[in-house]
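What follows are several structures.
Paired with subunit B in one complex and with subunit C in the other, subunit A is shared by the two complexes that follow.
For the complex of A and B:
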């Protein structure tokens, strides 16, 4: 698999040439919001990251799983029927390396020795990800401290690097190679170009000013962290809204609901959030996370202690910084981790 | 700004060292530009962290309901009005709360700043009524007044109507405003167009409920959206459920909303949710001559029955 280059002036044609085989999504600006959209004339390359995480490509906020009839006269009354979906082949161009790493974390959560989340994986398999290395990381990005980096390749099928006049594409998987084979306008890159990309990568890594350490969290016991006094300080101003969890690429909790209208019902799963008291409310009325402190603690403990314990040390946060940018009361995950690691 | 910061620290230190209150609620600097953070100081040393700038968009009255301790609150006009609401609605006792009133010059809308700049702002500095924003390879200076929030532009109560102490002399109030001009125009449009407007407005809503959670008025132990026996509302992002949430939330604020803008400040999607509440506020003002949070001695119109209520609008 060889590195390829594309003149930026040919980018629109490149995207078009892929549109025959995939539904192609590219970054675009709508008002102040950067998001992925299909059928965009202009591909946005000058952006930091999308406002919301791209997890909804594979894990939509609301997803119909089954449908059923509630008509007692019907032969199949109350029988759950799969909503047959053959996901269409999609290609996402311009996804950030941190977000692609989040999908790898979620792959391991949506699959264990007993269960595979078919909804997640069907879409994952049908989707090709062309990442775009981050040359201008935000001051809130701390990917380098949690196992990633602005040019991390994990979870991507192709990694692209912006060289000014041209884009360099590095195929990383079979799937990625297949996409590049279908695309028009590419030429094989020479060594000099690949070296230039390596230099840009180094520069980008040096530009990441924000760091956290997690070494002491690994050493501490769960109970030590659990009973630490700093949770009281964090919870005091936390609103227990769902912003941080909904915008986070690695948050993945959901709630399954039945919705009935007339004589048909749908079983739907919706994003849920550990910040909500209802999330853990039992049918009996008991709530194991009845207070705000225990809810706030859960979010950070999950990402920085429980996931690493269960997944061989891998942290459940990719350092994208979205929760920092969007928390209404400026609860900064880096500060919380600093307290946990103290 | 600096004068206010200094004074707030001074007062907070005094109240804490004299044991007058257990905790002081104010703002401290944020870790990202154009944002600050609510801060709770319990010692005179901690009071050194307080600041006053144009980014205190979260309403600190939000942290008061059902508190048991004695608390001082740094309060701009709208925050003080929400404290009055809390006193009227028995969420806190008057003698339990010490209001450090801040005559307010309005708060900045980061959305407007980003709109003007169109790129990531990494640093924001305020000086002499100006805002200087910096990012990768640029530095722009703008007048504070050009990027104030909409509710601050139409605010008629910048000076707290109730306080125990003011940090500076009162500021002049903005005179001759019609905060409802746009709404009156809006009401001339056909119903369907109005409905479409609201549907479009909340289209990006992710139902995180930050607007609800940041609002001082929303203190119900169980919000109607969380009721589950029976469940009132679907949980998906179905447009009807979204709309139901927004309309009901707004109605629960009728005659209580101070137009403080905390709901909008909290929204990650920058949705102008005040568009729902402003109409109701206008109605309450026009029909009952009432504005929320101006005096702890006046009962809000929607909580009392009076035989001489103007009833010709009930059809």
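For the complex of A and C:
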């Protein structure tokens, strides 16, 4: 698999040439917000990251799981049936390396030693990811401290690097190579170009000044971390609004609900948040996480202690910084982790 | 890829009103497809998600024993949306069952030991399953003495009357069935579960204790179990947390790093000592 090069002036045609085989998504700006959209004339390259995480490509905010008839006269009344749709082949161009790593973390959540979430993996398998290395990291990014980096390749099928006049494409998987084979306008890159990309990567890594340490969290027991006094300080400010969980690429908790209209019903799953009081409320009224402290603590303990303990060592945060930027009361995950690691 | 969220269709074969307040009903369910019956291979202590199209799912302990072929039994307390809808269902109605889910009581590790089973209120469901399984001729020899202490507020609130009355007539299990206060319809034991357990004084030597009940009963039973000499490794409990997926994915039911739905619901007291009290 060889590195390939594309003139930026040919980018629109490159995307078009892929549109026959995939539904292609590229970054675009709508007002203040950057998001992924299909059928874009212009491909946005000059952006930091999308406002919301791209997890909804595989885990929609609201998703139908089953359908059924509630007409007692129907032969199959009240029997849940699969929703007959094959996920369409998609290609996402311009996804950031941190967000692609989040998918790898979620792969290990949506599949455990016993069960595999068929909804997540059907879409994962049908989607090809072309990442775009980060050259202007935000001050809130700390990917390097949590096992990633601005040019991390984990979870990507192709990694692209912006060289000014051209884009360099590095195929990483068979799936990625297949996409490049279908694309028009590519030429093989020479060694010099690949070296230039390596230099840009080093520069980008050096530009990330924000660092945290997590080494001591591993050494501490669950109860040592759980009973530490600093949670009382964080909870004073936290509103339990759930914004951090909504925007986070690795937050995956969901609720399952039934909805009926007329004589047909759906079973649906929706994003949910551990910041909500109802999340853990028993039918009896008893609530094991009845206070704000226990709910804020759960989010950080889950990402920085429970996930590494149970899912192969990797931290459940990719350092994208979204929760830092969007928390209405400026709670900074880096400060919380510093307290946990103290 | 098979879908772990998809329930097996079942028919309600029988509805039994269990208690005088009518808040507890047992549902005997029969699979619509015989191959699903085979696939549903469970062990006492496990639970299932009962699925009601149009209402949702609830996790309920399996009260029947794998030795009772041809049907599943669940006993459901009426508390909220789904359990109330279930109480309105009739014999012949169609619903769904998803499972079996969770771990089970460590029946293999318990072999060769005396068994002390302590239950309060309707938490007795999966213990009914366990006792029925242990008393089966194929299994009874694997275990030593079986002591069963079970209490409810009033005689009318005791579940599974036919079963424990039959057990009282056997000589291979010692049932201590008790109610909280004197009652005109009752000539059996009177007193709270912890006190009756202490009085019964089953030995803890080479014994395991299974303790399930409302939080208040657990709280007062624990010191007694300790006093009887049980080590925390030999005290086994079953937790209930709010659940949705039941398969360790939706992130809802954790106690520290453990998901009650998948790593539990059965834990030893020694395991729980290392975990936050979020249950």
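We take it that the second predicted complex is superposed on the first by the 342 of 342 C-alpha atoms of A that agree within 3 Å, B and C clash if a C-alpha of one lies under 4 Å from a C-alpha of the other, contacts with A are read in each partner's own complex, and residues count from 1 in each chain.
Just so it is clear, a residue touches a chain if its C-beta (ideal position, glycine included) is under 8 Å from a C-beta of that chain, and two chains touch if they have at least 3 such contacts.
Note that the coordinates shown come from a computational prediction; the quantities given were computed from them, not determined experimentally.
Asker: When the two structures are superposed on subunit A, do subunit B and subunit C clash or fit side by side?
Answerer: Fit: subunit B and subunit C sit side by side once superposed on subunit A.
Asker: Touching A:257, do we find subunit B (first), subunit C (second), both, or neither?
Answerer: Both partners, subunit B and subunit C.
Asker: Given the touch rule stated above, what does A:222 touch, subunit B (first), subunit C (second), both, or neither?
Answerer: second
Asker: Once the structures are superposed on A, label A:236 by its partner contacts, choosing first (subunit B), second (subunit C), both or neither.
Answerer: first
Asker: Touching A:277, do we find subunit B (first), subunit C (second), both, or neither?
Answerer: first
Asker: Is A:117 touching the first partner subunit B, the second partner subunit C, both, or neither of them?
Answerer: A:117 sits against subunit C, while subunit B stays out of touch.
Asker: Calculate the angle at subunit A, using C-alpha centres, between the directions toward subunit B and subunit C; round to the nearest 10 degrees.
Answerer: Value: 90 degrees, nearest 10.
Asker: Tell me the contact category for A:52 with respect to subunit B and subunit C: first, second, both or neither.
Answerer: first
Asker: In the three-chain superposition, say which chain, subunit B or subunit C, touches more residues of subunit A.
Answerer: C
Asker: Kindly classify A:330 by the partners it touches after superposition: subunit B alone (first), subunit C alone (second), both, or neither?
Answerer: first
Asker: In the overlaid three-chain picture, find the nearest pair of C-alpha atoms across subunit B and subunit C and give that distance in Å.
Answerer: It comes out at 6 Å between the closest C-alpha atoms.
Asker: Common interface residues of subunit A with subunit B and subunit C?
Answerer: Common to the two interfaces on subunit A: residues 255, 257, 281.
Asker: Flag every residue of subunit A that touches subunit B in the complex, lowest number first.
Answerer: 31-33, 48, 51-52, 61-62, 136, 138-140, 233, 236-237, 239-243, 246-247, 255, 257, 259, 268, 270, 273, 276-278, 281, 324-326, 328-332, 334-335
Asker: Please output the residues of subunit B touching subunit A within their complex, sorted ascending.
Answerer: Within the complex, subunit B contacts subunit A at residues 30-32, 35-40, 58, 62-63, 111, 114-115, 120, 122, 136, 204, 206-210, 212-214, 226, 228, 234-238, 265-266, 268-270.
Asker: Spell out the part of subunit A that touches subunit C in their complex, as residue ranges.
Answerer: Answer in residue numbers: 65-66, 68, 70, 77-80, 82, 109-110, 112, 114-118, 121-122, 221-223, 226, 252-258, 260, 265, 267, 269, 272, 274, 279-284, 286, 288-289, 294, 298, 301-302, 305-306, 309-310.
Asker: State the interface residues of subunit C toward subunit A in the complex, per the touch definition above.
Answerer: Interface residues on subunit C, with respect to subunit A: 1-7, 9, 32, 51-57, 79-80, 83, 93-96, 215, 240-242, 244-245, 247-252, 254-257, 262, 274-279.
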